[in-house]
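Look for chain A in each of the two complexes below; its partner is chain B in the first and chain C in the second.
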Partner chain A sequence: MAAVAEIDSLVLEFRSRSGRVRALDGAALSVGDGQRVGLVGESGSGKSTLALALGRLLPPNAEHLEGALRVNGKSVFELDHAALRGLRRHELGYVFQDPIGTLDPTMRIGRQIEAVLAGTGKTASIASLLASVGLNDVRRIVRSFPHEMSGGMAQRVSIAIAIAPKPKLLIADEPTASLDASIRSQILDLLVSLCAAHGMALLLLSHDLRAISRYCERVAVMYGGRVIESGLTADVFGRPLHPYTEALLRAAPGQERIGGRIEPIPGLPPVLAGRIEGCSFAPRCTFAVDECRTRRPERTDHGDRSVVCLRATERADAMAGVPPA
Partner chain B sequence: MSAPVVELKAAEVRFASGPPWAKRHVHALRGIDLAIGKGETLGLVGESGSGKSTTGKVCLGLQRPIKGQVLFGGAPFIYRRRALKGALAAVLQHPQWSLNPRLHVGTSVAEPLVINGMGTTRERGAAVAAMLERVGLEPALAKRLPHQLSGGQRQRVAIARALITKPRFIVFDEAVSALDVSVQAQILNLIRELQHETGFAALFISHDLAAVRYVADRVAVMYAGEIVEFASGATFYRRALHPYTRGLQEASELLEEPDAKLMDVAGQPPSQGCALSQRCPLVIERCRAERPPLRPLGDDLVACHRAREALPAA
Partner chain C sequence: MSILVRYALARFASACLTLFCVALLVFAAIHAMPGSFEDVMVPQGTQAMRDVLAERLGLNKPILEQLGRWLSQVIQGNLGDSLVTQESVAAEYLRRLPATAEIAGLATVFALVVGVPFGIFSGLAGSRRLVSQFSRLGGGLAMSVPDFVVGAVLLYLFTRYSLWFTVGNWVPITENLIGNLRSALLPAFTLSLLGIGLIMATARHATIGVLGQDFITAALARGKSPAVIVRHHVLRNAGIPIITILAIYSGYLLGGTIIVENLFSVPGVGRYLITGVLNRDYPVVQAGVLLAAFFFIVLNMLADILYALLDPRIGRRRG
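And now, the complex of A and B:
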């Protein structure tokens, strides 16, 4: 399968007055054509930085140090201004967390949609576009400003704008985090069905593990600026190989027994100042051995799955005999 | 047994909208009965618009019911601002909005003490440091501004501020919804521990049944301003009796074999019969004609004509 997006050992740092922060420390991820990939991790793990890097939408203090990032075979960090504009306009679609903040507050919705629809026959195509995201009261919506809409409606409009140019890859960064619970599943259902209908690949960033397991066929788990485990969602969540994935699953409410206690992951996620020797999860890991603190784990493949952990092989062998949880 | 800390008796709230000549009324609460005892957590779940937050406001005295009674510590609620100073507190969903961005964390946490004129400056400083430590934050963070903290740290600050006056009752309105999974677990455990220590009564409002059943002793499920199911937290670990609750369980992926789904219907619930009758897959004639009352069934209170069929065969 051809890959829409391919990221290989990407290193990215932010400069600030108080020093440097390494947001991505050798992240690797691949999104196949038409695939739905979930990206999970705590805040600060580098999810959003990775998503923004795909369209080179990073703030000016970000510095690309190493590694390659290709979208549709084009190396994003080597594109000139015009080619980058084309990439952002035609090949990528973004849906962000705060829909009302994403839309221009001074412009009516109709004009904002017109801006992304090149060509003629605008009125009809606006109506069909809005209908495809489940908004039927077209005349009212076209005339309204973003502040006159509910969060769910505004998110539908921003999805309509993102899919209008029929991009190859739709990147949704916590698209439901600021929405009400009862419409979260409607918005995710809509995203997934639109991606299937137009053959778009979806990169869904979320900390809602249940939503990811429901909507995404593959999942990548990020920690400390690296993708530490990736593979089929059923495999990764069913029998996690990386201790962090396991700890994250155990921390989610919903799987404990009556009167049981959920176990939060002890300690705090790291803030990296530079390349780290050793594993960034070692200080919080219950499986860590001395070697974990001094030797940097490299990616190993276990069947269809890649894991960044020195003890992955050991754990995979131990788990081979055990039925999945 | 002593009187419950907070009690609502047939509380009704109605909101009006539109111009004076064409007023439209929305019933936010249609006769809610609930009582929360000392050291107890009552969970409240339901979708948006079901009246969860309005119930929270009524319990805090921020919204007066048009009918029914609100009792605080066994006596009618006193609607004077200073009357219950320091006895009530709330923790809200977005700590970045509920903390003043221009006040240092320490000042924010001390503010309830200052407003209520409790303690001297030095005593307040010591109380803030002790409270920050208790919620798992370094006392040195008191000198920071909210934007310099992570989401989990900010929510801990909000909890510290709610607890500083040693309130008898706290409302947690979607207090963990905006947080990361691992931080959610820490905050939920923190709430349980603090309650064990200080014995406050709590109303824990959330749309997330998984989080609610974890912290709550008893859970009330709300739909369209009514309680449709009321049971102990442990009950929600198995298949619930009310079809609406099963819908919520299904939405949180807590059911192994899901039912037929609730249908999405826009607009107001019907004025006659069960409020869910347009959406429920199990609807029968009786549901459209007759509103089911909240009746005891097993260990539960359920408002559904067909709940008996959902009881596990004994």
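And now, the complex of A and C:
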């Protein structure tokens, strides 16, 4: 299957006055054509950095040190400005967390949508575009300012803007985190059905593991700037090979048995200053052995799944006989 | 009653109250100054001569009676006559207004034309670029050097080496456009320096603030070019703080014109006002300050209207 996005050993650091912070420490991810991939991990694990890197939308103090990042076969970090704008305009669509904040507060919705349609060169009327995201009161919406809309409506508008050019890959960075629980699944349903209808791939960043397992066929788990486990969602969540994935699943609400407890992961995720020797999860890991602190784990494949853990094979063998959790 | 009408009435009432307070303050201030009109006019003469003068102009009446008479005059739209010339104060201010309006207007235009682009460029360029260094240093300098210092330096420079400009020979715009510009540009430039500094710093901060907003990242993510982003998003959103500082700057201009008109001998309202103060010409000073306050209030109302036009969140706020 052709990959719409391919990331390999990506290393990215932010310079600041107090030093350097390594946000991505050799991250690897692949999103196939039309695939829906979930990206999970704690805050600070590098999810958003990875998502922004796909469109080279990082702040100016970010520095790309190593690794390749391709979207539709184009090496994103090697494009000139015009080609980069073309890539952002035609091949990528972004949906962000705060829907009202991503719309200009001083412009009517109609004008903001027109501005996007003008840039794509494709003819889609505002009305049909809004109808495709479930907004039917077109007259009123095009005359509204962002602050006059509800969060859910505004998010539908930003989705309409993102899909207008029919991109190959839609990147949604916690698109429902700021919305009412009652409309979260509506927005995710909409995203998934639009992706299916237009053959777009979806990269969905979320803390909501249940939503990921419901909507995404594949999932990638990030920790310390690396994708530490990735594969089919059913496999990864059903039989987590990486201890962090397992801990993350235990810490998630909604999965515990009645009378059971949510088990928070002890300790805090790391803030890396540079390349780390050893496993970044070792200090919080209940499976860690001495070697974990000194030898950097490399990616190993277990069937359709990739894991970054020295003891992955051991754990895979141990789990082979056990039915999925 | 519609919200707009109620809002307008409230603003009108508060403007009237402000003007009333200004009237009381300026009346008290000018009458509290040592030396009265008759002392200034007849410094060498006898007390009897001064008493005759005071008697004739009604300056010997109780102070509250004088205040009451002046206020009732003003309410009827009469700003009174100058004690010195016995001519209408309002007519004289009106005659002098074009010169002042011209240098103040030119100063505002300079401040905007230089301040806004430099401020926005330096906001876009990030703090280490040359344009940012220049505008921070230049802006700081422009704001911190008093206008009379700049004016004095210019005055020296251009009286010594004419360099096209003229100093102290005001030519009205109705007479000769080129001659008018030759005499108006220097005072206008002197007045504009503070404005350039203020607007540059404000535009720079506003731009940096807008660039950090999510909708800028979203516009970049849609492949918009920097030029389009500046035109569509930055200018409008950075406009509000720029208008605020412009309204404050207009308050400075009311005082700044007095100094600059005196330095460059511009026959404007500022010079008339300062001459009035020196002569203790009460009606002139009182009317001048009242008119200045009136202008300031009108300009701030204009700024409020512009806010609402630029930012829909302001115009529609209820309650």
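Note that in this section the second predicted complex is superposed on the first by the 319 of 325 C-alpha atoms of A that agree within 3 Å, B and C clash if a C-alpha of one lies under 4 Å from a C-alpha of the other, contacts with A are read in each partner's own complex, and residues count from 1 in each chain.
By our rule, a contact is a pair of C-beta atoms (placed from the backbone, for glycine too) under 8 Å apart; a residue touches a chain by one contact, two chains touch by 3 or more.
What you see is a predicted model, and the numbers here were worked out from it, not measured in a lab.
The superposed arrangement places chain B and chain C next to each other on chain A without a clash.
Look at A:286: by the touch rule set out above, it reaches neither chain B nor chain C. Of the two partner chains placed by superposition, only chain B is touched by A:253; chain C is not.
By the touch criterion defined above, A:262 reaches chain B but does not reach chain C. In the overlay built on the shared chain, the residue A:42 is in contact with chain B alone; chain C does not reach it. With both structures placed on the common chain, the touch criterion links A:16 to neither chain B nor chain C.
Of the two partner chains placed around the shared chain by superposition, chain C is the only one that A:88 touches, whereas chain B remains out of contact. Taking the C-alpha centre of chain A as the apex, the lines running to the C-alpha centres of chain B and chain C meet at 80 degrees, rounded to a multiple of 10. Closest contact between chain B and chain C, by C-alpha atoms in the overlaid model: 11 Å. Per the touch definition, chain B reaches chain A in the complex via residues 47-48, 150-151, 177-178, 180-186, 188-189, 207-208, 210-211, 214, 234, 237, 251-254, 264. Those residues of chain C that touch chain A in the shared complex are 126, 213-215, 217-225, 232-233, 236-237, 310-313, 316. Chain A makes touch with chain B in their complex at residues 42-44, 177, 180-183, 185-186, 207-210, 213-214, 247-248, 251-254, 256-259, 261-265. Only residues 55, 57, 60, 85-90, 92, 94, 96, 98, 101-107, 115-116, 119, 145, 147-148, 158, 161-162 of chain A touch chain C when the two sit together in their complex.
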